[in-house]
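I've put the structures underneath this note.
Same chain, two partners: chain A is paired with chain B first, then with chain C.
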Partner chain A sequence: MLTEVKNQFKVSLLSIKYSILRSMINKSSFLFSVLLMFISNASFLVQWIIILSVSDGADLSMKQILFLWGIMAGAYGLSNIIFCGVHYLPQYIISGKLDAYLVQPKSVLISIATSQTSMSAFGDLLYGYAVVLIASPSVITFLYASLFIITGAIIYACFVTIMYSLLFFSINFRDLVTTLTRIPTSFGTYPENIFSGVLKVLLYTIFPIGFIVYLPVRVLLTNNILIALIVILFTIFMVVFAFVMFNMGLKRYSSTNLMNARV
Partner chain B sequence: MSSVNIIEIKHLSKTFKIKEKEKGFKGSLKSIFKPKYKIKKAVNNLSLTVEKGEVIAFIGPNGAGKSTTIKMLTGILTPTKGEAIVAGINPAKQRKKLAYKIGTVFGQKEQLWTHLTPYDNFKFFGAIYDLKDYEIERRIKELNDTLELDEFINTPVRNLSLGQRIRCEIAASLIHKPEILFLDEPTIGLDPVVKENIRVLIKRMNKEFGTTIFLTSHDVGDIEKLCKRVVIINDGKVVLDDTMQNLKYNYLNRKIIEVKMKEKVNLDDEDGITILKDKEYNLKLSIDVSKKSVADVIKLLNTDKIIDINISNEPLENIIANIYKGSKK
Partner chain C sequence: MRKYLSIYKATLLEELQYAKGMFLSFIGTGIHIFIFFALWKYLYSSGEKSIISGYTFAQMIWYVTFTEFLTSFSSSNIVRKTPTSDIVSGNIAYTINKPYSYTGYIFSRFFAESTIKMIINLLCSILLGIILIGPLNTFQIKYLPLIILIMFLAVIIASLIRLIISYFSFWIENSEPFQWLYKTVFLIFGVTFPLEVFPVWLQPVIRYSPVYAAVSGPVKMLVNFNINEFYGVLVSQLFYVFILVLIITIEYKKGVKKLNVNGG
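What follows is the complex of A and B.
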């Protein structure tokens, strides 16, 4: 069992390495994408600076906004560096590209997740760390931020996996499911305080933004270890749930004979 | 010498539920609220055994159930009914365990990373099969010698020709020394020279490594040159399971006669003779030798008026096509 996990880990690292190498083939394009993403994210902060300067901002502080953006951008970035392949699941399921992974003695989901990477995601990750450390430049903030960027990346990848696993049951949901996968990034850059009622419940259940960003921000602001523990436990739950859903769907996979290339 | 079955298929079936939609926008709306489904039996109660070291052609027309069967044998698809045991393992239950014992090449689907060189791909595939670094290096050297990859082993896959890519696909699928190699249309889209090279390589693998070869192809050349046994399926059922020798012997009851005459001959279709081509002084006839002998046909043409004659067997392609048609009826 331990050897199996060790071997899977070794292959996953190799897969991530090759995916990153692919994205860096054109160095100038890579650096430009990273820089543009950094600038694009920064422009949203300017928006918040303006909002906070004209409003009372009783429940909001610039520090909270910086943490929010930092964790969200970092988690999104890391998720798209390591697990970007989950976004390709619809294409793999519909065009029969899972075949190549099913004949290999490794986890299909992990192999697919680590088979792709996004160039601009490096910009998100760098930006995430930069913003968090601007808000609170300390070792403890760096450690907490690293923990929550990792848990957030895993939760987000699991959420996308669960959504796309529904396509095994009916490919007609493709557009709907793709829209749903974008919800965490849309809501995750606004503070928790502005949401209430059913919407807030949804953000802590079906769309787990609460666990990706809201609870981590609370930990960064209050240093509450118990909340950190809840986030870690929820991450484990999401991993198990994503694997269960994907494997259930895999049994219904029908493959196709369309021509494909792994590019 | 006793034979060992490496593949045992017992009453294997696979059905697909296919959604049917009426035409037009109205049909699309109707299918949302009142969907209609059709059950398609892709593989229907198929039973078959393959011996260790055999090279078997598993052929049939499009939609016959070949690829579905291969996908069930490799663990990609789960059977609806029945069971398959491949190298002592049930693919539906132990997919990962089976993967160590089989290799697959799907001519229509690539497994290699195109931005990596074949060498890096082999290293990656070696890691997938838990081989140690020195084992991978040794295996790459072996495959390099057998499949002659030296010239392009360090060129990114995206820059290789189709023939070179297929050679690399085959090499990658052999990195872990599989007992069985499943080849689904391995020569699709290749030119005749490259096709021939691939066939030689497949033969060599079977001889040198004792690998069992399970081949599907629409290319009669692949089947004729590689396989000693032919299994034909249609509508998900086995319609013929015989040796290549018997197939040719039993079904070669037609001869093709091509003649060039001094003057035009008026010949009509009659029992046992079918005129395939009649253009000025050239004739092409198909003779059913069970009804008419070749000698009788030549007499009919008048030997004094023949300038040139060529008598050949009916191409294997036609024989297989006739079996397909016969099984449909």
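What follows is the complex of A and C.
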């Protein structure tokens, strides 16, 4: 069992390594994407400077916004560096390209998730660390930020996997499901103070943005270890849930006559 | 002109098949509108303000609803991704020897897609605005033809900029990062806030920028029409249409020559 896990881990690391190397083939294009993504993210600080200038009386601070952007950008970036393959699930499910992964003696979901990487995601990750450390340059912040960037990346990848696993049951929802997978990045860059009622409940349940970014920001602001533990436990729950959903869906997968191989 | 009309008609029929997909894609726009609604609601209620930078809460929400409506056109893959992929893959070679201009071909397709998008998004935007905040009392129906004119020019300006960025692919492999930058700049300086919310020193810069001509200026006229400002927006739009058409013509001519050199 332990050897199997070790082997899976080794293969996954190799898969991630080669995905990253592939994305760096054109070095200038890679560096350019990273730089522009960093600048694009940084531009949003202007938006928040303007919002804070008209927010007298509101419970918002620049530190909170920097943490929010740092964790969200970092988690999104890391998720798209390591698990970018989950975004290709609709294409694989609909066109029958899963066959190439099914014949491999390793976890199908992990093989797919680690098979792709996004160039611009490195810009997101760098930006994430930069703004968190600008807000609070300390070792403890760095450690907390690293922890939450990792948990956030895993939760986000699991959320996308769960959503796309629904396509095993019906491919008619493809557009809707794709739109829903973008919800965490849309809501995750705005503070939770502005949302209330049923929406807030949704942000902690169906769309787990609360666990990706809102609770981590609370930990960074209040140093509450209990909240950090809740985030870790939720991450484990999401991993199990994503595997259960994917495997349930996989039983309904039917191949096409498309010939495909992974070398 | 007839050939472009034929492309328009053919694309219109093709896009009609995907009308359901366009309706679903409005959900994404609707989510953004809803986030801005929550944000502005929080900002207006936190200091119990009735007006921020000269805008009532209702005007602000309608402003955001229609800036989102306008930007939904230029996010079209036809001006953003198709030319890039045609250039990078070399498929453009199949279209440049046809008896039409490639830019004209792209725009005919873009207008066809926008026709359907306009009907769906306009209905959904109005419905969402009414549900969120109710009717816009400052809207004056008598100015509607003038507002339609500047809205149309706004869509042309935004899509021309998108296409100019896509044509960067003649020189660089991946022009997509510039599209992200475009989206961010337009979102921050046009979609989220009206001009008056920005610091006084920054307002002239935005007023004379394409962001004002393509987003904030026309929508401001819808929310609170002023004939003098209308002329200002119109002149700025005509200026930018002229400049952008000039740029795209020169850019395409030079780009195609570069493509020939590369043997694409």
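We take it that the second predicted complex is superposed on the first by the 255 of 263 C-alpha atoms of A that agree within 3 Å, B and C clash if a C-alpha of one lies under 4 Å from a C-alpha of the other, contacts with A are read in each partner's own complex, and residues count from 1 in each chain.
Operating definition for what follows: a residue touches a chain if its C-beta (ideal position, glycine included) is under 8 Å from a C-beta of that chain, and two chains touch if they have at least 3 such contacts.
Remember, it's a predicted structure, so these values are computed and weren't measured experimentally.
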item	value
Residues of chain A that lie at the interface with chain B and also at the interface with chain C	none
Chain A-touching residues of chain B, taken from the complex the two chains share	16, 67, 71, 74-78, 95-97, 99-100, 102, 104, 106, 108-116, 120, 124, 127-130, 158
Touching residues on chain C, where the partner in the complex is chain A	20-21, 24-25, 27-28, 31-32, 35, 38-39, 41-43, 46-48, 52-53, 172-174, 176-178, 180-181, 183-185, 187-188, 192-193, 197-199
Interface residues, chain A side, partner chain C - complex	26, 29, 32-33, 35-37, 39-40, 43-44, 46-47, 50-51, 53-59, 120, 175-176, 179, 182-183, 186-187, 190, 193-196, 199
Residue ranges of chain A touching chain B (in the complex, touch as defined)	7, 10-11, 14-15, 18, 21-22, 25, 96-100, 102-106, 251, 253-255, 257-263
